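Shared between the two complexes below is subunit A, which pairs with subunit B and subunit C, respectively.
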Partner chain A sequence: MRYYARKLGFYLVALWAALTLNFFIPRLMPGNPVDTLLAKLQQRGGAVDPSARRSYELLLGTDTGEPLWRQYTSYLGNVLRGDLGVSVSAFPAEVTEVIGQSLPWTVVLVGIATLLSFTLGVTLGTITGWRRGSRLDSLIPATTVLAAVPYFWLALILVLIFSSTLQWFPLFGGYDTYLATGWNWDFISSAIYHGTLPALTIVISSVGGWLLGMRNMMVATGSEDYILTAHAKGLRERRIMTRYAARNAVLPSLAGFAISLGFVVSGSIITEQVFSYPGIGSKLLQAVENSDYALMQGIFLVITVAVLAANLLVDLLHGFIDPRTRVTT
Partner chain B sequence: MTQHARWRRTRRAMAGAAAVALLAAGCGSGGGNGGGTSGPADTLVAYTGQAGDYQRNFNPYAPTMIEGPGNIFEPLFFYNVVRDDAPVPRLGTDYSWNETGTELSITTRENVTWSDGEPFTAHDVAFTFDMVRAHPTMNAIGFDGESEVVDDTHLVVRFAQPAYLEAPTVLGKLWIVPEHIWSTFEDPAQNTVQDPVGTGPFVLGDFKPQAFTLAANPDYWDGEPALKNIRFVSLSGNQAGADALAAGRIDFQTGPVPDLHNVEKNYPGYRAITTHVFQIALFTCSDTALGCTGPQTDPAVRRAIYHALDRTQLNALAYQDTAAEISPGFALPGRDDAVISEQLTDRVAPMEADPARAEQVLQEAGWSKGGDGVYAKDGEKLSLSVRVVSGWTDVITAADTMTQQLKAAGIELTVAQSSWNEWSDARGRGDFELVFDSLYPGPSPDPYYSYNYFFHGDNTAPVGEVANPNFARYDHPEVNAALDALQQLDPADTAARQPHFDTIQTRLEADMPYIPVLTGGTTSQYNAEKFTGWPTAEDLYAFPAVWQRPDNSQIYLNLKPAGGE
Partner chain C sequence: MATPTTPPPGGTTAPGAAPRSGWRALLPGWSPRLGIGLGLVLAIGLFGLIGPLLLGDPDAIDNMGRTPPSTDHWLGTTQTGQDVLSQLAHATRGSLQIGLAVGIGATVLSALFGVIGAYAGGAVDESFSLFSNVMLVIPGLPLVIVIAGFVPREQRGWWTLAVVLVITGWAAAARVLRAQTLSLRNRDYVLAAKVAGERRRRIVIVEILPNLLPLIASQFVYAVIAAILAEAGLSFLGLGAPNTHTLGSMLYFAQNGFALQYEAWWWFVPPGLVIALFGCGLSLINFSLDEIINPRLRLPKAAGSGTGAVAGRSTDEAGTEAGPAPREPGAVLTVRSLDVVYRTADPVHAVRDVSLTLRRGEILGLAGESGCGKTTLAYAVARLHRPPAEVTAGSVVLHDRSGTDIDVLALEKEDLRAFRWDKLSMVFQGAMNSLNPVISIHEQLDDVLTTHRPGMSAADRRARCAEVLTLVGVDPARLTAFPHELSGGMRQRVMIAMAMLLDPQVMIMDEPTTALDVVVQRGILREIIRLRDELGFAVVLITHDLPLLLEVSDHIAVMRDGEIVEYAPAARMYRAPAHPYTRQLLDSFPSLTSARGAFVRGGDTDVPGAAR
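What follows is the complex of A and B.
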């Protein structure tokens, strides 16, 4: 029990540290939301009267003159109550509303893509590791090359081939905007259709990592004594591969997978930019461009909590699966 | 300026990304278009530069609103900033000033109804004016008039001072809202007006975070518009806009596309129009009394730079030849021809470089050339840094070209790139020697407004405090006095105004706090095959930029589906 209590305590301290950094880092950036907003309006057709500045300062409440430490304490208090404040770039929408609107898109897209990539990578890794030295080994350099190609480049190439030239997939967007949003088949199928290419690029660029890791673990487990024993007992090759070797080899990958699930919520800013996807990554970019501290803090908070939660889960699971990790002296 | 403003998103993306995407756009344009893909024949698909989801906000007074002014909520009059036209009546039919310019009498339109069926009267106008005045958070134009309703179609607005020059903002930029609905709002500034009720030619159709539609208002006072639907879509930026244009998915967008010279060839059915209103200049931190330091505080240095620039080369290398001539007095050539002073040495800035002249100006001011070919005075080298935003490729190209041009005149220029936030912060606080930016126009085709914004001492601040928007820290008593005098005069009295305009322009030419570069072009592309009635260079009835409100509503009112469909 003490093991779990200590873990939880550690995560609470980490959460507090992350919250504090979330508060201070955006404020170290140059610029402030009012000037950013004004500069934007000026470039958009101009005619911004000098009076506008005062008016927007009052409206956005950025000119409170409150000392930083007081802002910090009220920020911590608000976070505990679940109040993330008002977004300046989408004023007067609440940060929770902005995040709530975009988070599902990212979680579903990146979540499914990560899951697919993991499953595919581990399966292929199992087979190539088991049949090492065969022709299948050529998969490894092939997929690692794809993983090494800069992601945005790969994404743009795919857009060029499949959307612009072949026109198999839509150029941009998360769904066909002519359809009614909701749980109807037309909408869901259009969301799937629009999500395919972005998901594909994520899978292609990340499958190599899983494959390589799994394959190497398979090679290592393949030389274990219990595998030899299994062979000696005359078990079927396939059974040895899946039930004996892969089951042990997948452990490190599984831990990695849980952690990468935590990063799913942070999305993939570049994917969302390239495909104009309505997810959290594009919101983060919008927040940074507009000095929207509240929205930045909100998004960082969600990411932090998700990563910490995933880590905690892995920690606890490991303690459960592998008793060696929770031995205390 | 708009040109580079619109490039922003692309530039922020990695350079490689831009290169590939240009390729993608280029290839995409070959793959046929047809115009049929952008929806039904009476639906216009507009891309305003919206990136990411739309947050539902139709409050015309909120800086973050997504649509409303002009299309849903109308002003009393429409002022065309690109041509010296008389105001076009919208909800107002007539207005007049008393002799001293303190009392504005407005006649409002009869037989207008709100889109919920209630009648519109002068009471709604007075309510709107009072509401703006009572809420500093909505009063972005500094309105302080007192309104009094005479009858259902007449009202009077009284000002403490002569307020002739407030007419374009009061009549053209205050969007009239229905009293019977807005009087129930607790805080109208914070209300997002989810279901807007206005008098405008369009009403809100369906709304989704990635796109929304405005539908023609069947009961519009001037008859239902021929354009039945406007669909506003959201894309991730310029590049996605150019791609969508190539694929024929959008009908109207503002922003540069690759190979601007050949839009008609590359995008069959589409045309491009370039309008010149944003005056590109090198803003200098000019006044030592306000805390500026550096060689650019010497007016001779600023004039030398002015002469050393080869504007033809800049236009070709950085702006795809979309920019136009600029006047050193900052009146717009073309629109303000009548105002451009006869007393200016150069009516428009010379397009060719004259390094010999530049060196002469420097020598007369006591600068002498050092062994390294760069001028110096009292041990101070004539070396300047210009702040530009990293990723704004056209501005960076322009600044790099200038570096070469100024070198020939013995002036050293270094280009300092920084992020946009940092750049705009430095510009506001005066933390720069030169900054590459542009002057924007006012609410009406009158150069007074940009003069007042950028040259009046009231709108500047010492270095370290935020200037708004007289970033050059220019504070000259003669110019201030001339601007104050203009405020007292009826704009119709051109003879009385001209001496003041002469003073301002000649002072600007002599002092050059803003070194004129070129007048930047704003380029829009539109689907001319699907719709007729677009503004053209010959008939510039509104500023043709998709994001310019309420100009875009004038355009939408004027559009007709082609082919009588």
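What follows is the complex of A and C.
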């Protein structure tokens, strides 16, 4: 239990840190974002009622003479109530509304791609690490090229080959725009069709990291005493590989999930841009281009919360797989 | 970049202490991988360094828009007729510059937080570690994008970008460095330096840093790759520093110039390729660094696969070289003229011409100091030796209850697997680590039964597991326990129970009680003798503790430098040890008769204290 409590505590601290960063970044930066925003809002015919102004001021900070800590607590209150302000670029939509529309796209895309790439990488890493020095193993250095390829460049190349030249997949978008969004087969199949290349990009770029990490851990685990015991017990090779070696070797991969997920999320933001995918990454860039500060901050916050949640999930899984973390001392 | 420049750790180190502190150990060993890696990095580095000087103005506009590669423009031109090759050279320089700057900055920060935190310990470590973990889970690029979004375009210089990338990029390395420092901090030579009263700063610089250097170098390499990729991403999104040439900004212009739509591959393929190849080169260098950090990743020179390599024998000529082993009456295991060689650059003959006969139900003691080859011998008998060890001559025959003789060295893969544990089981030295930490005791016992006795029902298997645990005095309720929940003595008992599961004829016990305290040792040995009496298996008991063997064994073999120097019944060896080395071994333990035993230290016989 103590393990879980510690983990939960840590993520609460991380969440608080992210909120605080979000609060201070606009205040530390040059310029007066509130005025920029309000000016833009007025251009679009948005009414600047005092509550909208107040909301922006809390979010972005401006010299109102209010003590910083008061602004800070009011800001935290606003965020906890889910009030992230009004989006300028999608006026009069609330920031939360804009995020709500685009978040599912990214969660599904990145979620599936990460799951695929993790499974693929760990499986291949298990096999190559177990068959040390085999021909398969000697191919490992080649995977470093994959890890060093920029996501967006790979996306461009894939688009060139599969969309422009072969015309197997669409050039961009998340679904066929003729279709209405909904839970019907036409729409879902169209979404899968459009999501294949973006997902492929993420899988190809991230699989190398999982593979290499798992392979090295398998090699290290291979010289553990319990592997020798398992051999002496006359167990079948496959069983030793999976239940004895891989079961132990995968733990550090899970522990390192946080680092990798950060890379994947970063990479997929840019990937979305290449494919004009209707996810949260494209929205973030749109917000930056339009100086839609409220939306920008809201999206950063949501991405952070999502990443924290994914990490928490993996940590819980780790606790489930490794009995040693369950010790109640 | 992988060659660290530090003073070699000086004379204050305790003798024989710091491992791999010499200069040569810090340099990666040469390999084709390293060659290719260095080649790629150097070539691209030189291109970025010298290319801009030779290739002219990257911004010069020409009316030859978007032309494919030609003799005038080796990599073609952009939409506005700029020379792609010249742009590539300038962009490479820009990207390398930012990569190096961020790499250095992030490494310094990570070393500061990782090493100092871990070394200082206590509250400092807690807070540093919390800080870097928080920085680690907050996704970097979205943060950078948000920050870049707030900074007006005119105010974004390349160094602003570098600072932001450093701030968001150091945390992962700090975590790795912290873990390594923590383990270094508690190593003997660091503790020795502390006891010797060295100053803290000196300990960090002289004792800890040199051992961290390969790791720091590898983290630096990662940081450079990550920085180049992150900058490329930002610039591609149009959030980079304006008016600077980087590979990312090149791709940004290519994307906005519809290079993709016009299929102007010469415009957008080269920049990505340079990034990928440079990253690949750095990763290949990191492979070599990893092998220094983690020696287990090094491939043994003689690449044999799996365990139990037997050289110079094939199935049909099995046993003929050494001559068919004459079967002594009552023998269960006969070893004849066994030779085991470690095929390294300087081959070591670890076991030479060893012959032993184990009789049914007997306890055969194998004594000798650390490194005499007794463990190698035991592993070779079960064909568990790993490359580079190899059996080069001799025979091992198990005389089965059924009356057939099994030539162990000639067993093929699947037969060997079925033979292990069923006829011959083992109890290893490190009881602490012989059990798989992540699955329960029951699963580990059950594994043996499901593999070797596929016909057994689940209920029968469970009953058998409980039965063997009861035999060794462990409560069957502990079956659901995980290894970390058991004491050292309990774990060893579980191992012994496991060794008895299939009712084997031979049990090899390699220092089964070394890591345990004396009372537990005695208990376990008494248990082994009792079980042997009840179940009638034969035991090869390996230990450096000769007096103990005198007490429990029927026969004793004394080993030295891979050879058996004396092999006799226990009683005779006690009364009249024939070989001078045996006498020396006996004398090195406190005598039972005199009040204070005579310890022999020195000469070539150390007190065989430390196991293995």
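Annotations
The rule is simple: the second predicted complex is superposed on the first by the 228 of 329 C-alpha atoms of A that agree within 3 Å, B and C clash if a C-alpha of one lies under 4 Å from a C-alpha of the other, contacts with A are read in each partner's own complex, and residues count from 1 in each chain.
Quick note on the criterion: a contact is a pair of C-beta atoms (placed from the backbone, for glycine too) under 8 Å apart; a residue touches a chain by one contact, two chains touch by 3 or more.
What you see is a predicted model, and the numbers here were worked out from it, not measured in a lab.
Judged by the touch definition given at the top, the superposed model places A:4 against neither subunit B nor subunit C.
By the document's definition of touching, of the two partners only subunit C reaches A:229; subunit B does not.
Of the two partner chains, subunit B and subunit C are each touched by A:159. Of the two partner chains placed around the shared chain by superposition, subunit B and subunit C are both touched by A:273. Look at A:174: by the touch rule set out above, it reaches subunit B but stays clear of subunit C. Contact with subunit C, but none with subunit B, is seen for A:21 once the two complexes are overlaid on the shared chain. Which of subunit B and subunit C touches more residues of subunit A is settled by the count: it is C. In the overlay built on the shared chain, the residue A:291 is in contact with subunit B and with subunit C. Of the two partner chains, subunit C is the only one that A:151 touches; subunit B does not reach it.
Of the two partner chains, neither subunit B nor subunit C is touched by A:320.
Residue overlap on subunit A between the subunit B contacts of one complex and the subunit C contacts of the other covers 29-31, 150, 152-153, 156-157, 159-160, 164-165, 273-274, 285, 289, 291.
Note for the complex: subunit B touches subunit A at residues 1-2, 5, 12-14, 16-17, 20-21, 23-24, 27-28, 31, 39, 49, 51-53, 55, 57, 62-64, 81, 136-142, 169, 173, 189-190, 192, 206, 208-211, 231, 233-237, 240, 243-244, 246-247, 249, 277-278, 419-422, 424-426, 428, 440-443, 449, 453, 458-459, 466, 468-469, 543, 545, 547-549, 551. Chain contact summary for the complex, subunit C toward subunit A: residues 33, 130, 133-134, 136-143, 145-152, 155, 172, 225, 229-230, 232-233, 236-239, 248, 251, 255, 260-261, 263, 265, 268-269, 271-272, 275-280, 282-284, 287, 290, 294, 296-297, 299, 303, 305, 307, 382, 384, 417-422, 425-426, 428, 430, 433-440, 443, 447-448, 451-452, 482, 484-485, 495, 498. Partner subunit C is touched in their complex by these residues of subunit A: 10-11, 13-14, 17-18, 21, 25-26, 29-31, 33, 131-134, 141, 144-145, 147-154, 156-157, 159-160, 164-165, 216, 219-220, 222-226, 228-237, 239, 243-244, 247-248, 251, 258-259, 261-262, 265-267, 269-270, 273-274, 284-285, 287-289, 291, 293, 296-297, 299-300, 303-304, 307-308, 311, 321-324, 327. If you check the complex, the residues on subunit A that touch subunit B are 29-32, 35-39, 41-56, 58-59, 87, 89-93, 98, 101-102, 150, 152-153, 156-157, 159-160, 164-165, 167, 171-175, 177-178, 180-181, 272-276, 278, 282-283, 285-286, 289, 291.
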